Amino acid sequence: MQARGQGLFKGMWLTLKTLFQKPPTVMYPTEKETPVPRARGVIALDPEACTVCMLCARECPDWCIYIEGHKEEQPPSKEGGRVRTRATLDRFDIDYALCMYCGICVEVCPFDALFWSPEYEYSEMKISGMLHDKGRLTDWLETVPDPPALEA
Amino acid sequence: MSEYFDQYLTVLAFGAFGAVLVAGLLGLASLIRPSNPTPAKLETYESGIDPIGGGYSQTHIRYYVFALLFLIFDVEAVFIFPWALKLESLGAFALWEMFIFIGILLMGLLYTIRKGVLKWE
Amino acid sequence: MSQTLDPRAAAHVSEVAVSVELQTPGMTINLGPQHPSTHGVLRLVAELDGERVVNVEPVIGYMHRGYEKLSEVRTYPQITALVNRIDWVSGFANEIPLMVAVERLMEIEVPARAQAIRLILTELARISNHLVFLSSYPLELGASTPLMHALREREHVLELIEGVTGGRFHPNFNRIGGVKPAAGGGSTQKKLAQDLPQGFLSETAAAMDRMLAICDDMDTLVTGNEIFQARTKGVAVVPPDLALAYGVSGPNLRASGVAFDLREHEDYLPYDKYEFDVVTGENGDCFDRYQVRLEEVRQAARIVSQAIADVPSGPLQAKVPRVIKVPKGETYVRAENPKGEMGYYIVSDGGRIPYRLKIRSASFSNLSILPWALKGLLVPDIIALLGSLDFVLGDVDR
Amino acid sequence: MIPLVAVEINFYLLLVLKILAITGVMLGGSLPIIFGELKISAHMQSRVGPYYAGGRWGWAQPMADGLKFFQKEDLVPAAADRQVYKLAPYLLMVSTLAVFVIIPFSPDLIAADLDLGIFFALAISSLSTLGVLMAGWSSGNKYSLIGGLRAAAQIIAYELPLVLAVIGVVIQAGTLSMVGIVEAQIDMGVPFLIGGQAVAFVIFFIASLAELNRTPFDLPIAESELVMGYLTEYSGFRFTTFFLAEYAGVVAISAIASTLFLGGYGFWGLDSALFGPFVLAAKVGILAFLMIWIRWTWPRMREDQLQTLAWKWLIPISLANIMVTAIFKVVF
Amino acid sequence: MRSGISVTTNPPEESETPSEVSTEAEAAEVSGFPDATALAERVAELAGADSWSADFGNAKVRIDQSRWVEAITDVRDGAGLHFFSFLSAVDWSNEVAVGEPLEETVEERYEILVRLSSARNNDAVTLSTDISKTDPRLPTLVGVFGGANWHEREASEMFGIEFEGHPNLSNLYLTDEFEGHPLRKSYPLLSREIKPWPGMVDVEDMPSTENTEGAAAAAVDASETEDES
């Protein structure tokens, strides 16, 4: 058992030591932290890969993905082949005000059209601004990092 | 004698200036600050809920006991000051006298503690 | 059915009539919902005699999100995303009992590597949770520096969790049958399984050293502080039998001297492979509740250190059907969450959606002891007790 | 500062100059301490603290805060006792400013070297109790009421050790005059802290923490219990007045403690007339740092523990200190 | 990866379970849950109940409503189950306003669940009783377990069950003005009623020729998801 009052001064010694240490603060707007590659910042869309299968919109627990598409006829790939139809994406909106960043949509996408990007600077002044459309989601595609190397 | 009063005039002036300072700054602030009191703003804060009962409620009698205790001891302390000033010239006799005085004080303190005044039951 | 569609039903009107006598001679005071020390939106209606509490009525429900109802319209994978928001300071740990319960019903065996990863992350969540407690508790008692010191170190833990799962608070990393699999099948990002990223093990080892160091710092800064001891020792003693009858669990129960740790008794995760001590208190006062948690950080660091030394290799996922349908049946799986016993009672009728999911959260029961425990305390002791119970309103209200 | 040389200056002109100078000292003392509190606390907590206001290190943060409060709406709650509510900050400021009257910055640099000196300071500083009590009562808020009563109870409990600790100094110096006390220490060669009044200094320091409502005695504004105590309902510049008075109080009490126990403006080998104000400022800085340091390290005490500490420990010890000092004074 | 599934058949019926201890032990080996048969049997005896089960490691004993309080007291003292885990209810209903209806018809009732456990080992048991929907009332457990207070209040407001003798059966989460009992199956979930399901939008057929496997799986999944709305 230590002497009475000793604990008070041990604590003061610790805070004094901390006073002369460099704080670990990252001065945000000027300096930026790099999020880990897997960080779930925002969902990026590769519209070329999307086949409008609606799977993500259906599996979304929050119902925050809105997709519209139409069918287009495509010329046959081979001469004399049959005419193929292809679904074209018209609208792909994610309401980030509703999204809870669970990543189910990214996981269920069978065509690799959705990706996580660690990008996080997309706050908006109005809640309606959080509804991000296809163009904006596509823009994030280039911020998608390579996946991290794995532990052996 | 005039110098003596001058000194307290200084004190008075300082006190008065303190009041003027507050009044002046508040007055200055009132020129810039908005003033738009609404009933909601003027409501008493009680963790964001309408207060239950009034704010002027019954409070602990314990505080009263402390005030009383303080009063007694503070007056005693005032008596010690002149003694402390003149101790050197008064000598050992005053010392004994004060020992008796402080002894009585300490006994009084002991009594209040034994009476359980400091226990918060 | 139609009368329930009243729009008022959705809105929460603040004037909850409270079952206290208003015409008491003493003072009746609201502590909360907007109060610095109620950890969110808890409201205590306290009848005071001076500064002594005569009677107290906790009012909860400000954070009620109806997860049990929401679970009845969601598939099991979707519920995973919900449950890590119940107790948001230890999100990962919330997922485990649900996963284990579903796996138990589906009779899936989780691969050893997935189990080890689950265990490591659960213990990291425990450390993170307890560091929040260690930081906020001295703050309640007026010392704000431990807050920053503990949060500084917690950041390392959160970074580890984020590095693996992608989420700091809401990992949503568990999947039925294991942990998050590689999604899709085409691109480079998705080809790789969501296994532990490179450097995780060494970083974790380093972080655990820091955790032990911050525990020592806490001892210096808080535990040894005489004022802290005076404020907590002998304050708000919860006797063990009462704690059991109220369902108080976790560190709060152990502080009362009951050496009951589900990690020892239940086999939801392979804790039997690792060595650790079940920490108990002696008196069941605020100081013991604090001390138990501080010691549990050390024990958790010990478990993690053992676990990262030998992570079994193998798959991350058991073979599970594409569409998850849970066979008909009922089960209850509980786990030792940082806050206490967290459990899910699943009633499945064989479909993709649970027929009923009862969420047994630790904080709800821990908090239910308040009206009993607060009687006769001083106002500052209310805060000392509230802080020492370490509850999160999301965990109380669900 | 104005050198108070023997040249006949009109008394009233001098008075105005004195008032301006002391106001300058009060602000010039408080603002650095506020800034110091922000910065020191930040670094003790591994933070950076204010960073942008005023450029380097955010030195202008206290001023920026003041300006912000200047343009904030000033609300008087409907339930409040308006007159009392409005009067409270005045009392606080008046008492704080009046204490500065007797602080000696050098042998001649003192607004009024009252013969009652320290006794006056103790008396007038008690006026702030009244201000706090008025603020707490008049707000019509339960947190404020409890806070105000706590403040009153603790200030009166610690007023006694404060006064009794001073008596030791008075016995040793044989005078109540502040200049006289400093001169006595200079004559003795060592400050009273070393020369016999160490116990009294500790008691005085503890009691002054309580008088200033600073941790570990910050129960009246205990934010985790009482939101903001007696300040809960105050807003805008009225709140700033309390805030300013608190830090001016830190300056004043530190200056008094320096004068009584640390030798005031005197320092070995330094000319008091020239360096006095700087020596005093350094001593005030050290004491203020100590207060900040304690505040950001220790938790808060409980009301009954605080009262027990005062009545069971500090008062008997300070009475014993008086007796011991008196014996030494008479015998040696 | 997701094709070969190792889902075993459904566990045996409740009444058959006791006799098929060997099956139970096998299952325990596979899924790693403890065998609760012995405990369930012991508790059933203590509670004077005839029906019990131990599926999936969940020892469940059905108690008659008339013996509710005394049976639980007996179980607490007799089996040393002093830890009160939770009390809740299940609304067995054939018509549901939310979620999926039951596959087979059940008897309309509320089932009250109480989970008790030991504080020394992993003994834990679920005690249940059925109460009628027309007059849902049950004596309170507050006298047996102090913690039942809040749990019963919760069950009372969520299911509309009256706990007789409860000291204060007021709403715990909801306002006093709130009408209805949200966890009843007949209570609709507003958020899902007012917003159309985004997945409902008519989509073109899958280009199944291009990506057979994934698309087929997706199509199956999509069709099943639609049931939900």
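Per-chain numbering from 1; labels A, B, C, D and E assigned in written order.
Please note the rule applied: contacts are C-beta pairs under 8 Å (C-beta built on N, C-alpha and C of every residue); 3 or more make two chains touch, one makes a residue touch a chain.
Note that the coordinates shown come from a computational prediction; the quantities given were computed from them, not determined experimentally.
With steps allowed only between chains in touch, the distance from chain A over to chain D comes to 1. With steps allowed only between chains in touch, the distance from chain B over to chain E comes to 2. Taking the mean of each chain's C-alpha atoms, the chain closest to the overall C-alpha centroid is C. The interface with the greater count of contacting C-beta pairs, when C-D is set against B-D, is B-D. Ranked by how far their CA centres sit from the centre of chain A, the chains are topped by B. Averaged C-alpha coordinates put the centre of chain B at 14 Å from the centre of chain D. Per-chain Cα centroids separate chain A from chain C by 26 Å. In terms of their C-alpha centroids, the spacing between chain B and chain C amounts to 47 Å.
Shown for chain A are the residues in touch with two or more other chains, namely 8, 11, 14-15, 18, 24, 59, 108, 110-111.
Multi-chain contact residues of chain B (touching two or more other chains) are listed as 46-47, 51, 57, 59-60, 62-63, 120. Shown for chain C are the residues that touch two or more other chains, namely 15, 27, 29, 35, 51, 75, 145, 149, 152, 181, 185, 221-222, 225, 227, 378. Taken pair by pair, the chains that touch are A-C, A-D, A-E, B-C, B-D, C-D, C-E.
Every residue of chain B that touches chain D in the complex is listed here, in rising order: 4, 6-11, 13-19, 21-23, 25-26, 28-30, 32-37, 39, 41-47, 51, 54-57, 59-60, 62-63, 66-67, 69-70, 73-74, 77, 80-81, 84-85, 87-88, 91-92, 94-95, 98-99, 102, 105-106, 109, 112-113, 118-120. Contact residues on chain C toward chain B in their complex (touch as defined above): 14-15, 18, 20, 22, 25-35, 38, 43, 45, 49-52, 378. Residue ranges of chain E in contact with chain C, taken from their complex: 1-2, 4-8, 10-11, 27, 30-34, 55-58, 60, 82-86, 88, 90-91, 97-100, 102-103, 113, 115, 119-122, 124, 126, 145-147, 149-151, 158, 168, 170-180, 182-183, 185-190, 192-193, 214, 217, 220-221, 224, 228.
Residues 74-75, 77-78, 80-82, 85, 145, 149, 152, 155, 159, 162-167, 170, 172, 180-181, 183-190, 192-201, 217, 220-227, 229, 311 of chain C touch chain A in their complex. Of all the residues in chain D, the ones that touch chain B in their complex are 11, 15, 18-19, 22-23, 69-79, 89-90, 93-98, 100-101, 111-115, 119-120, 124, 137, 139-146, 149, 152-153, 156-157, 159-160, 163-164, 167, 170-171, 174-176, 227, 232-233, 236-238, 241, 303-304, 307-308, 311-312, 315-316, 319, 322-323, 326-327, 329-330.
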